[in-house]
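First chain written, first letter: the chains are A, B, C, D and E, and each begins at residue 1.
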Amino acid sequence: MKDIILKAVPDAVIEEKQKLTVTVEPKQLHPLIKALYSNKELPFDYLINLIGMDWGEKLGVMYLLSSSADMSREVVIITSTDDRQNPLLYSITDMYEAAHLNEREVYAMFGIRFINNPDMRRFLLDDDWNGFPLRKDYDADSRLNPITIVNKEIKDIAPFIMEDADGKLTEGTTRIFDENDYIINIGPQHPSTHGVMHFRTSLDGEIVKKIDVNSGYIHRGIEKLCENMTYPQILHFTDRLDYLSASINRHALCMCIEKAAEIEVPARAEYIRVIMDELNRISSHLIAWSAHCNDLGATTAFIYGVREREHVLDIFDKTCGGRLIVNQNVVGGVMFDIYPDFQKDVKAFIPYMREKLVEYDDFFSHNAIALGRMVKIGNLTREDAISYAVTGPAGRGSGWSCDVRKHKPYSLYDKVDFREIIRNEGDSYARYMNRLDEIEESLHIIEQLVDNIPEGEILAKVKPIIRLPEGQYFQSVEAGKGEFGVFIESRGDKNPYRVKFRSPSLAAVSAMPLICRDEKLTDFIGIGGSMDYVIPDIDR
Amino acid sequence: MDLKKVKIKAFPAEDFKDTDTLQAYIDELNANGTNVMVGKLDQMINWGRANSLWPLAFATSCCGIEFMAAAAAHYDLARFGMEVTRNSPRQADLMVVAGTIVHKMGPLLRRVYDQMAEPKYVVAMGACAISGGPFVNSYHVINGAEKIIPVDVYIPGCPPRPESLFYGLLQLQRKVKAEKFFDNKRIVRPYNPATLIDPKTGEALDVKNEFKAPNPLKGK
Amino acid sequence: MDNVSLFVVVLLAGLTLVVVGLGAALLLSPKSLNFQKGDPYECGLPTHGTSWMQFRVGYYLYAILFLMFDVETIFLLPWSTVVRQLGMSGLISILIFIIILGLGLAYAWRKGILKWT
Amino acid sequence: MNYSQPLELTGIISTLDTFFRNNLTPFWATFIEGALILIAILAAYAIIALALIYIERKITAFFQSRLGPNRLGKYGVIQSIADMVKILIKEIIQINDVDKFLFYAAPFFVIISSVLTFGAIPFGMGLQAVDFKIGIIYVIAASSLGVIGVLLAGWSSNNKYSMIGAMRSGAQFVSYELSAAFSLMTIVVLSGTMQLSEIVENQRYAWNLFNGHIPAMIAFVIYLISGHAETNRGPFDLPEAEGELTAGYHTEYSGLQFGFFYLAEYLNMFIIAAVATTVFLGGWMPIQIKGLDAFNQVMWYIPSYVWFFAKTGVLIFLSLWVRWSFPRMRIDLLLNLEWKYLLPINLVNILLMVLMVLAGWTLSDWFPGLFAIAP
Amino acid sequence: MLKFHFIRKIFFILLDTNNFKITQNIPPSGFRGADINNMNPFIKYISGIFTAVKSLLGGMLVTWRELWRKKVTMQYPENRDTLVISDRWRSELTMPHDENNEHACTACGICMINCPNGTINVISKTIETEDGKKKKILDKHIWDYGMCTFCNLCVITCPSDAIIFNNDFEGAMFDRSKLVHQLNKPGSKLREKKPLTPKGEQKAP
């Protein structure tokens, strides 16, 4: 791999950190990534994360790339610019569709504009937002950005910067929608956008012509908040990202900190964590199933799904005193030990859930109307899934083996037996079935673990104030919606210098305009249900 | 009106918390004196209103899921006659603000609230909607829905469990039952004007006269 | 009372319901005004352009087909009451009628008009 | 044969009629009778609607393993009264930029359509307001007025969701109206009359559903499906598809105006079930077996309107059951179902029925001793 | 050739029963490229109707069974007397006081420092004890119910176990200011010896 890198860019700085890290000049970034992307043996075609950075004097971007064929191979590419007034970097949207929204987010947060990105509007923030919040010199004076109660106009005109063949930069604008388009707002206050997503949809009769994703209606600035907090304090934010996979997200952050601080987690804690994760995954998939059915108009199915989920929540409630936001994982172990009847309750739940899965099949999976609404609707090919970085049950529905638990095993996942559910159709129905199958696999994992929880401590000895050694740390887990990643850059303080979360839902949403094109308005909602995104996860 | 007379089924009146705030509210309403006939009519109308609060779930994040859980089989909002969730604000009586309200969402919240038909009530569900909760220090979070719209009942929790939500809704029923129908007090609503700034001029909006005056921002 | 006057009574019942109901509601209901209340609701955002815009609907051809068959219904209904008296000749004459219409439907089907685009 | 019918209302009605005729001038007698009928219809309309709203909410809850409203009165029976009180004094919002006249006219169409149809339903012996000779055509015509209301509501609202909802409902309604008409026509062929009271009378010993066996059953199923679709209820609730159009054609309606749409939706459900009962299931006629006088007498002790509501109730339950079991259709699937399945089947079915009637293959032809068309 | 997309889909999915085995790992690709063109369209049309009706009836059977099952709804507030909320459920932060109106809070402020969003405000005052030493004691321990995220950091870091969460979930108020609680009771003072709740009682199962 180093050969490829050095062949493409001879003066790249290669370091072996937690991951292979390459630092290049902005001009060389595109050729380097192109070389990695197009190499035959192991194409680095999966953009896991695109992280904007402010190193004080320099502004830059970090790319975490991986290969769809072998997800354990990862490379970090760093590039940066000195110009803080008008920072310009090169876009990689021509190779990775996933980069579109990510680059727009970096623009909103850091003010870095990307050359050759066709749509350089701000993502998450309003167009007239003063300042770039994630820069270290951001002025948080509330008078600059007052609260308003008057709707702002949403601009249809997207600026861009293009570089032509001789390296000349030209700025221009494009229209997102035509003058005469019939544009309808789906969201933010809408029953079926799974939160507060805003899809501006142009319709041709009933048929969706174009979708413009507009997000940020729940952007809470978690990453900025993290920079002023100690590591234990950050933990509670992860629960509130993808609140349906609260425990799993928190597990990721805990593991990232533990890895950096070299804390050994007791075996009992690991077992509890994995059982809780899988229970959480079941509850997440149940909500996904329910919401999907509800989107297709089956309210009763929604009620059934939530009913089964209550059993999981009861276990959570008794274990850690929270139903949705569980607060279970802490750095070095878990906060609460299991309660005496934990095993009994979990073991009662497993056959119950299996029985209900059969009922779900009778009720919905075979239903002629439901099939008409799902089969061959919202097709996402494997190539597109990789390019848009759609992971999780949705990505696996397109035939891409992308289960982090298999490819980059963490915690106990290399010790338990489970199968990765893959379907090749790439339609709504494949995604739908994948979720139901994954519930079954999760039950299987829990079955193996629940009787073997070892005795012992639940919490390792951790210093009262945790300081991570200087460096960059990554950790990915398989959350309910796909690969959830945590990145921490530490300067050795008790606060992180920069925290970034990879959101699986962002990828799912960015693929929506592609898979909904030429589908009917009704199916647009159904496809959204099958992609199963959680908006606070995207907006952070 | 004595608060002891406000009856909620299966919940003793003395068990309710925060009775003094409600008492103060009633005293304010009663300042003009009340007519017995109107009182009876009021009771009938309030009975209808209190038991038929159709919610509009302004669900932005985690609390929205708990709201859904409350509507589902285990908790069942329908028992209170509130399962008819209306997605159009025109038909809803109660707005459940469940989740964080951020700067970008503020105008929308206000618009949806404005478009609701009278009488309308607002419940702030969860820490975020009450005060900004975990994100209170963030640059993009409005510290509580009360900065945008008047809130009737605050339900703390992060997220509150469905029973908590029910308790809050019972509190709201109490408040609804204490109101006077032939009284226009509710129409002019209290605001926190300091935070509402006209984006064009940068001045504070005069919200007190907002209902009487034509839209100052439409430029008509 | 004859049927027509009863019909008028029923019609009046409907009118009374709406008029009295709406009148009472308009009289009794509380009102408030604000500058956003009258705007159309579209997920809490201002509408983009007008709603009365030309846009393609796929139902047009269905409406034409409907007209065709609705005319048929009008012919068939009186026929159906007397079909017992008409006997076989009634069946055959209407069979031709139905076959022609059925062919029309089959043609439309085959031409792909019934396929939503 | 005359059976004793202690609980029927015919006696009271005719006593009242003679009382008014004897004591008042013909004009005033007619006037008072008309007023009484008007009040009776409105009362029945309101009570049935409120009861249906309660029943639907309760049955839905049971399907979903919930309890449903249970805090107002015993088992929550007065829940819908609270709803009515509330909605009556809810603000009616004046929307800017709507087509004012049409916007306010829409609820009129919807309500009047359902009241007109409601008036034609024979609820029991002598309990029918309008009994035209062309009853079936009247029912079809009056019920199709409702779609005008829906279309107007959606179009005049100046709201994109409403607009799409209205367009959908237009396509849906015109399509399914054909099926409804054809399947009713199949029964007209069988019973040879369009007058609803006569159709009921003809089914004294043999319900049309059984008398016409196979074609009648097909017609029955098709009528239920298309009737269900005409009322815009799930799985055919596309015009108000909550998932995508927030509230569909009535997004902009508030207060009682919305209440009327809500009311009419339930009443239409009732009307479809009632027409199906009348046409296929013998209407208010008790179960009668030719020759078994004792049995028939026992059946007649149960008043006719109880029979009617029992049969209608079963159909309403069926409709709720279907509604809460299935996901929503998509518009093209919906139109496919109509134009590629129901309509061709219906055309064939009607010919089949004619053939059967002419060839004498109905049950009453085969077993005249048991099922002869009465009287 | 007439087009029967919809029916074709349904029919072939329903024929291939393997698709619906939950544990099946192999993707159901059979119905896509299968040999369907040889089939008589009319048979396809008819059998499509039957399979569709069968599947719909199967769905209706599930709801029918549900109609007669015992309902799972718990009835708050009717069941207030019997309602069990799990002991670990975190609702209100409280400071246990014993019968002498004494608590264990030493006003060290660790909870305040550890709170991620400033929910806790510990106001201390300095008094002079009898032997002339200056001592910091608790004046007000203020906790904002409406802001708390229930992350439990204050409780687990408290060195003297002075505060715990209780599970009284009925907290809705009409007034925002009513949600700000003062945890120490008026006139209470610091307990001299052992804490009221030994460590572990709250956390251990």
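Just so it is clear, a residue touches a chain if its C-beta (ideal position, glycine included) is under 8 Å from a C-beta of that chain, and two chains touch if they have at least 3 such contacts.
These figures come from a predicted structure and were not determined experimentally.
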Touching chain A and also chain D, the following chains: B, C, E
Touch-network distance, chain C to chain D, counted in steps: 1
A-B or A-C, whichever has more C-beta pairs in contact: A-B
Chain B-chain D separation of Cα centroids, rounded to whole Å: 39
CA centroid of chain A to CA centroid of chain E, Å: 22
Inter-chain centre distance, chain D versus chain E - centres from mean C-alpha coordinates, in Å: 45
Chain E, residues touching no fewer than two other chains: 6, 56, 59, 62-63, 66, 71-73, 75, 89, 116, 149-150
Shared-contact residues (touching 2 or more other chains) in chain B: 10, 72-74, 76, 79, 87-88, 90, 108, 110-112, 115, 118-119, 134-135, 137, 158, 161, 181, 217
Two or more partner chains touched - positions in chain C: 29-32, 37, 39, 41-45, 47, 57-58, 109, 115-116
Chain C to chain B touching residues, read off their complex: 29-37, 39, 41, 43-45
Of chain E, residues touching chain B in the complex: 71-78, 80, 83, 85, 89, 91, 116-118, 144-150, 169-176, 178-179
Residues of chain D defined as touching chain B within the complex: 57, 61, 64-72, 76, 79, 81-87, 89-93, 242, 246-247, 250-255, 258
Residues on chain E engaged by chain D in the complex (per definition of touch): 6, 49, 56, 59-60, 62-64, 66-67, 69, 71-73, 75
Interface residues, chain B side, partner chain E - complex: 8, 10-11, 17-18, 21-22, 25, 73-76, 79, 127, 130-137, 144, 146, 151-158, 160-164, 166-168, 170-171, 175
